[in-house]
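The letters A, B, C and D name the chains in turn, as written, and every chain counts its residues from 1.
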Amino acid sequence: MSSTFGTLFRVTTFGESHGKSVGAIVDGCPANLPLTEADIQPQLNRRRPGQNALTTPRDEADQVTILSGTENGVTLGTPIGLSVNNRDQRPGDYGDMSGVPRPSHADYTYLMKYGVKASSGGGRSSARETVSRVAAGAIAEKWLKMRFGDVSIVSYVSSVGKITAPEITAEGLTREQVDANLVRCPDAETAQKMIAAIEKARDEKDSLGGTLTCVCRGFPAGLGEPVFDKLEALLAQAMLSIPAVKGFEIGSGFAGTLMRGSQHNDAFVQKSGRLGTKTNYSGGIQGGISNGEPVVFRIAIKPVATIGQAQATVALDGHPVTLEAKGRHDPCVLPRAVPIVEAMAALVLADAALRQEYRV
Amino acid sequence: MSSTFGTLFRVTTFGESHGKSVGAIVDGCPANLPLTEADIQPQLNRRRPGQNALTTPRDEADQVTILSGTENGVTLGTPIGLSVNNRDQRPGDYGDMSGVPRPSHADYTYLMKYGVKASSGGGRSSARETVSRVAAGAIAEKWLKMRFGDVSIVSYVSSVGKITAPEITAEGLTREQVDANLVRCPDAETAQKMIAAIEKARDEKDSLGGTLTCVCRGFPAGLGEPVFDKLEALLAQAMLSIPAVKGFEIGSGFAGTLMRGSQHNDAFVQKSGRLGTKTNYSGGIQGGISNGEPVVFRIAIKPVATIGQAQATVALDGHPVTLEAKGRHDPCVLPRAVPIVEAMAALVLADAALRQEYRV
Amino acid sequence: MSSTFGTLFRVTTFGESHGKSVGAIVDGCPANLPLTEADIQPQLNRRRPGQNALTTPRDEADQVTILSGTENGVTLGTPIGLSVNNRDQRPGDYGDMSGVPRPSHADYTYLMKYGVKASSGGGRSSARETVSRVAAGAIAEKWLKMRFGDVSIVSYVSSVGKITAPEITAEGLTREQVDANLVRCPDAETAQKMIAAIEKARDEKDSLGGTLTCVCRGFPAGLGEPVFDKLEALLAQAMLSIPAVKGFEIGSGFAGTLMRGSQHNDAFVQKSGRLGTKTNYSGGIQGGISNGEPVVFRIAIKPVATIGQAQATVALDGHPVTLEAKGRHDPCVLPRAVPIVEAMAALVLADAALRQEYRV
Amino acid sequence: MSSTFGTLFRVTTFGESHGKSVGAIVDGCPANLPLTEADIQPQLNRRRPGQNALTTPRDEADQVTILSGTENGVTLGTPIGLSVNNRDQRPGDYGDMSGVPRPSHADYTYLMKYGVKASSGGGRSSARETVSRVAAGAIAEKWLKMRFGDVSIVSYVSSVGKITAPEITAEGLTREQVDANLVRCPDAETAQKMIAAIEKARDEKDSLGGTLTCVCRGFPAGLGEPVFDKLEALLAQAMLSIPAVKGFEIGSGFAGTLMRGSQHNDAFVQKSGRLGTKTNYSGGIQGGISNGEPVVFRIAIKPVATIGQAQATVALDGHPVTLEAKGRHDPCVLPRAVPIVEAMAALVLADAALRQEYRV
């Protein structure tokens, strides 16, 4: 188990989906940052289940409490303890099927690794674990704004199944625009198609995956620590550590492999007060270090594994079983993944900023 | 700068492209492993330039020397010092253009980060830095074979530009099959097309990117440390830390987002002596932990940034410049990236194996 | 701020003396360890204030709650969240003297480092922070007993001011014997003198320091990771990280410098089933690795800085001030430090045990 | 094995006493620091054997080579590779006694840990390993001088066996004064007695231990990362990681336990431009953070284990053996330990300086 992320801005998380609480310790957050629960709650609200008809009806308030590390509304430089109580500890989706590992869940691998079977199946593989990340990420983001001024980290749903939005990386995209519809795709027309597709999948007791895009603007050149902690490498680790994420690409990504060098190279141009690039196939990073252009990446999220349809599989002892999830489930987790992606990006960027080299 | 990778099986690297030598310290390699330079050299030979007409003619012997950590051909448990001399310290590809950052290279970002301009431009961003990784990875791989018996880590070129090989994940794929042609694509017919495309790009003073696939077979269930050091998360970090890599996907990856849950779930089946899965859209990992199926991932490599064609860009002081690389360059680095990907995969897997949990 | 300790058995702590709660996340504790609050509470009880007439009357129940990481009384392999509420949040000992840094406290250095002044003065430098360590250490100790059988970690007060107990390293020393008197010195006669000295200091509004000895028995040879994480090096770090500790010595320590090599060398002898040493000047460690003999070390604890006597000092703005602590204070913290030392020793040993090398 | 030290200023070392070379990678040294071999060699010369009649006649030039990380005499921000060849690879001191673990050496514990027996016995436990530390420490020290101006780190021999020098912590102590005599004790009269004692021990085929004092001046308040990486905790780890060190004390240390709080508290006084303390029993550190006063600590070094006298011990198979070292050996390593202690102190301080908190 490895529940700590970051070198200087470090977050350590705890909590299963069905325990007393989930939470985190944020260590290394600089002192004198104004911080109260009100800075953290909005992103938790964006993440929590039961927000609308597209997501699971499991309703949890997910109110965060700061346990330490602040006084009179500012950080002390000491570790910030964060806690969110669990309210809704219902039995598993598949009822009493404890001898049957759920397909494409982590029940089997947790059992193989730890030799113990928790009622919550894959324990920390549950999406509930991401509450801690979102809370910690909100603190990182607050500090980044304090440190660099007008920075923004905005993620949105760029595809659901085969429905793909036109690429949106233009300046000025806000979370408000992203939240304008249920599916968190800022292209209104595409959003309607996505919603219809999700409703159809839900009605068919099936689920959908898709992709998220994330754009980080306003960060200076110089962030990232070659060679193993290149900025894109830590972003990739951060993103692939989120449940259900199966892919990561920075800048041109996989599509860039179809281009030739003469097309793909980002020529330098003079911008106001600094050198910039004409195109941004590099995704704002060259040689593992930010170049001042927007950091743009995309991630792939698999279709939800918990489905109402009957699935033929086998039990731990090898005998054939048919599995069928009870109740209603998120047919598509992408809208709720938006604040999680933003949180992990903020944690990577805050840590990179603190690690940025001193000069003699 | 962060030049150390791994928690228990740790490699720390040093060396610029134009310094005296490059090398590594491998710390945490278990004792009593038979090891000599002959175990390391073959993968270095696969990586080195000048192997054939497709790669840069820069010829370097790249002979590795073990400086410490072994005696009488076995490891002592102490750190293994590795060194490879640099021979061919030629001036930069673009001649005396020191005031002009090369497009899509790391010259500019290194300058912004470190405030010093090295003759080698982006210093550690050079592909020469990967010599150390390949040497260290060969040791990791040797230990994995010792520990787990018949394991294999085989990467190959799965696409060059728009030319894509049929997916090959069948058991029995060997490095010999991969090396059967210059381009390291095990599908002979596709390989010929790839070679033709690379030669064409080379003749047009241009470059190509593409994708690599890597298949890791024979590893047990239980490897990977949730939540931040999930096996796929560390593989993603490892791969994105390789120069020119722009994307990573595990199992179904981005294509998996087009599927529904009912199609994508990997049903369990009884296999000889263990539970396996019928399909492997998970890529051998569930919840961040290996499940015993082959670990399969793909990476995207951008077209080489150094090209012979004239490029319009600007100098550091903002004035317009035309840049044109002298001499001959790798028009496509994918064949040489094969042993680098294998090395990084071996480092991740060896570390994961050593970190695998004790039970009471 | 660095609130994480350990490589594989990792504890991260949070909490100021005057916040809502203090606590820890224990990450990397192996699965399947029977564990409930009842395993942790006894050492917390030994640490807490208000136990007897020698310690501060501040009374806190210090009841620990396990928030995650266990189910049905066994560990899951996932992070164990621990929380202890603060009850008694009284204003500082010196009343409203916020512009006056207390001599030999951390008020001044915390202000210099973090640029913010907490009501609790030196924030995390308070002894209250050690609650988290004691709780985490109790888990480490439970695992060590599970893993190695009959091991023991016993610390006791070996001197108070100038009153020194005869050295007790004999087999069979128990915590019960240590707890037989208020001052936790297992030599009854010396204990009475120590108690008298402490009472005298208390009545004179002064304080005393002293030394603790710790004996760790039953551990196998092979623990410790040369060269920087030698077992004695990590014990030294662990002990010097405890508030008020000013010195550490292993085995013969400073007294050993008065001996000659011919006296000091620990000759090997055959013991039951293994090689042992005739003497133990090495303190159970050679070359940074345990040799199977008892690990014996001593630490120096300075006299408590908070005293009722008037002290002439200066305020932050430089003007002279006389400081006089209100109320009653621990005149000697050594008895309460016993479980803290044991906890830190347990954390070091558990981590060393998990890190012990695999062999091919 | 754990051969890496530091969080931001990181050194990783390799090398046995009898391999091809020893060396280090210094990662995280800031760019633009003027650095050549000439900055490193002087401290290596102070460490190397064969300097005078008091030390072992094994003569090694110990010439350091910088392999990477600098260009035109300044650091690039990239890892600095350092190498020192081994010249004098003679068989062990005790001849062919490979089945007999040397008393108070690490032969036995290395064998227990790693299961392999190196010709050099305890492998990395040899004092030769410290070459790498001294080289890396010289770089850290150079950077500290660059960063903070007039800082000094000066260690000296404060006792040899029972001969103790008067305490010297006065401003202005230099390495030249320390090096004024063979034994590196700046009190000339005591030095003569020490030399006589060492010669006597040598003639009697015996060895002596002693203590070193180290004074670090000119560092600002604010260095050190509570709670586990307190400045004194990392100094303690660093010092106890040096071969033969058995004890560490900061400020008043063990002697401070004999004082009362009213005597021991360091009252604040106004100094030029900052608050200082009247006394310095705290050793320049309060609550784990430097306070701007000199950081003063002492370490205990055991008498050398290799002696010419006959020693009765047992072989690995348990049969009695008499061991007698051949040739001449260092009867007292303390003078040569001076630059090692300074190097480790410099590494701790450089890392602490880089980790010092940002403020919003």
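Following the convention adopted for this analysis, a residue touches a chain if its C-beta (ideal position, glycine included) is under 8 Å from a C-beta of that chain, and two chains touch if they have at least 3 such contacts.
Keep in mind the model is a prediction, meaning the values are calculated, not measured.
For the pairs C-D and B-C, the count of C-beta pairs in contact is higher at C-D. Centroid distances built from C-alpha atoms place A farthest away from chain D.
If each chain is reduced to the centroid of its CA atoms, chain A and chain C end up 39 Å from each other. Centroids of chain C and chain D (each the mean of its C-alpha atoms) stand 26 Å apart. Here the spacing of chain B and chain C, counted between their Cα centres, is 46 Å. With touch defined as above, residues shared between interfaces to two or more other chains in chain D number as follows: 1-4, 7, 13, 31-32, 77, 110, 113-115, 124, 355, 357, 359. Of all the residues in chain B, the ones that touch chain D in their complex are 1-4, 10, 12-16, 19-23, 25, 27-28, 31-32, 65-69, 71, 74-81, 83, 110, 113-116, 118-120, 123-124.
On the chain B side of its complex with chain A, the touching residues are 1-5, 7, 13, 101, 103-106, 108-110, 112-115, 122, 124-125, 129, 159, 161-162, 201, 206-211, 221-222, 224-230, 232-241, 243, 246-254, 256-270, 275, 277, 281-283, 285-292, 300-307, 309, 311-314, 316, 318, 355-357, 359.
Within the complex formed with chain A, the residues of chain D that make contact are 7-8, 30-33, 77, 143, 146-147, 354-355, 357-360.
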